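Labels run A, B and C following the written order; every chain starts at residue 1.
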Amino acid sequence: MTCIVLFTDFGPSGPYIGQMESVLRLTAPHVPVINLLSNAPTANPRLSSYLLAALRYSFPVSSIFLAVVDPGVGGKRRAVVLQADGQIFVGPDNGLLNTVAVQSQNTKWSEIVWRPEHCSMSFHGRDIFAPIAAKLAINTAAKLLQPFDRNDLNDWPQDLAEVIYFDHYGNAMTGLRYSDVYSGKTLTVNGIQIKQADTFGAVEEQQAFWYKNSSGLVEVAVNKGHADQQLALKLGMRVGF
Amino acid sequence: MTCIVLFTDFGPSGPYIGQMESVLRLTAPHVPVINLLSNAPTANPRLSSYLLAALRYSFPVSSIFLAVVDPGVGGKRRAVVLQADGQIFVGPDNGLLNTVAVQSQNTKWSEIVWRPEHCSMSFHGRDIFAPIAAKLAINTAAKLLQPFDRNDLNDWPQDLAEVIYFDHYGNAMTGLRYSDVYSGKTLTVNGIQIKQADTFGAVEEQQAFWYKNSSGLVEVAVNKGHADQQLALKLGMRVGF
Amino acid sequence: MTCIVLFTDFGPSGPYIGQMESVLRLTAPHVPVINLLSNAPTANPRLSSYLLAALRYSFPVSSIFLAVVDPGVGGKRRAVVLQADGQIFVGPDNGLLNTVAVQSQNTKWSEIVWRPEHCSMSFHGRDIFAPIAAKLAINTAAKLLQPFDRNDLNDWPQDLAEVIYFDHYGNAMTGLRYSDVYSGKTLTVNGIQIKQADTFGAVEEQQAFWYKNSSGLVEVAVNKGHADQQLALKLGMRVGF
């Protein structure tokens, strides 16, 4: 089932999501649109890339991700499409799609060589990426893309030992995919030692713990509390076992 | 018309709404999804239950509510389905659905005995409740449910004389359904005496008043102001006539 | 393609968007709904009107805008429909639709003379405007509307030299549509002189600049910063070249 999935730093209220949806609907009216996340780390494609790579697994093969965290919009960064293990990602070539690529078995990169008649300098999400995502959904994008080889991702880490996202509860996701080698170990973040637990109810109220979250990442939380505030965490802080 | 209605404390931006939508669409692609509310009182199923019970009346018979305010996820609370006066509610058995039940004429409770092959410890909204809501929408859930009798709700109050929700304007909804016996009476909250008015325009700017809100609840507001801030209200504060 | 577009000050989380969607879906189940914007300037139809007038151009002819910024709900302001250059706008007659009208070539105003059997005093978005928008989408609204002439808009400015909106990044949109006569000029806001630039990357980090935004408005931003905070801007502040 094809579905267009939005992953942006546009915020939940503003006009930008709706403006992209209008474009998608005009070209691909029967393809459902799911707004996955609108508060990716603002203007931070590097941290956002680890979040996108983890969240993709809640969506089926053939899903098309319209991913826009694009502080360099209007500048020289490329506009690209990444095919990765059966899913498709459309967005700026500023690192946002790199983590998906390095975590995948089969990847194919293409540059978007098409430009619309009228293109704003500040909203390629609406003017370039959404039209291409919609055309991909209805299989009319092939001639607008130019495949290229990627030899510059050897140093891009598959996992990132940093805080990459705070959810609505103040839980802190890290860029580390859970692995059994971490089991039972103590996590250190912001100078604080944090033990593992399976569920919120397994620790005392107001106590911090780490666990494998529902997207497979190492996550820090406080039972009935707010880890971000209570542990004074910030995006990009280093974590380690 | 069947429709799946989301009622959660997931916040407006995060990944959890979109992850549930992906599950719903895979199983029940033609059933519309409406995101009713994503800022239910965080981790507070008791207050949330009175809000859910009031809001259900904006939705037609046969609507399916996917209701997730679930601080005990991964623990021992049951996963349940409540059929109540023609509508269906899917969620955790932690009180969240109780107010709907005690305000309804005909109710039937079932436990969700099905479990998915892979089930996270922290996101049953995606892994248990959404799949069941989708299966209910396409009538394939019957064998996954085990009816049970409920004899423990005699003490659950039909109305709650507390502040249960603040909307975007700072208006404070209470858990009291409006009744004509309240008409003309003065409401007390946080030690402040508040008079009734029909509309915002009927009182002076910056003046507080209470009224029957559009969902049938007693609500406190300030004309061209923010009741939450200006009256120093908090969730769970007692109100009384 | 008909599509119903929501423009409100309801906030991103609350119940009001979902309650309107339920109404729309009951009457016009096959008409897509796009939530364009939910944080219009709260209770400020005048500023909101300039934002609505700019954003309409991302949507095709025959789109139906359900526009609700309605502090006088329940009072004497009319409920109206505006047809303007092929698009339709439904909402309160409190100024919210005026800027669309004065910027359009062909306009036709109608009063909504229909009232539902049960109508709340505080949520005409759900009880009057949404039903009419849905009926317009399926062409069953004609007898519920009463055309009227509008002779009171001669003094309504086509552009507004004020800050009308802050987006998620803190960028400040003004009510001025970009014109070539502004090119190269310095903009003054809050006593600060601001130069023009084409893109964020064209200025130093933390530097303020103004540009023609993706909706055609003059907008003030700070590269990798937050113009609202760093320039201490507020809604309604005057701007000038």
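As a working rule, contacts are C-beta pairs under 8 Å (C-beta built on N, C-alpha and C of every residue); 3 or more make two chains touch, one makes a residue touch a chain.
All figures in this text were calculated on a predicted structure; none of them were measured in a lab.
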| Between copies chain A and chain B, are the contact residues mostly the same numbers or mostly different, with half as the line? | different
| query | Once the Cα atoms of chain B and chain C are superposed, what angle does the rotation have, between 0 and 180 degrees and to the nearest 5? | reply | 120
| request: Using mean C-alpha positions as chain centres, tell me how far chain A is from chain B in Å, no decimals. | output: 30
| query | For chain B, which residues are shared contacts with two or more other chains? | reply | 11-13
| request: Spell out the residues on chain B that touch chain A in their complex, using ranges where they run on. | output: 9-19, 21-23, 25-26, 29, 42-43, 71-75, 120-123, 126-127
| field | Residues of chain B touching chain C in the complex | value | 1, 3, 5-6, 11-13, 32, 34-39, 51, 55, 58-60, 63, 167-169, 198-202, 211-215, 224
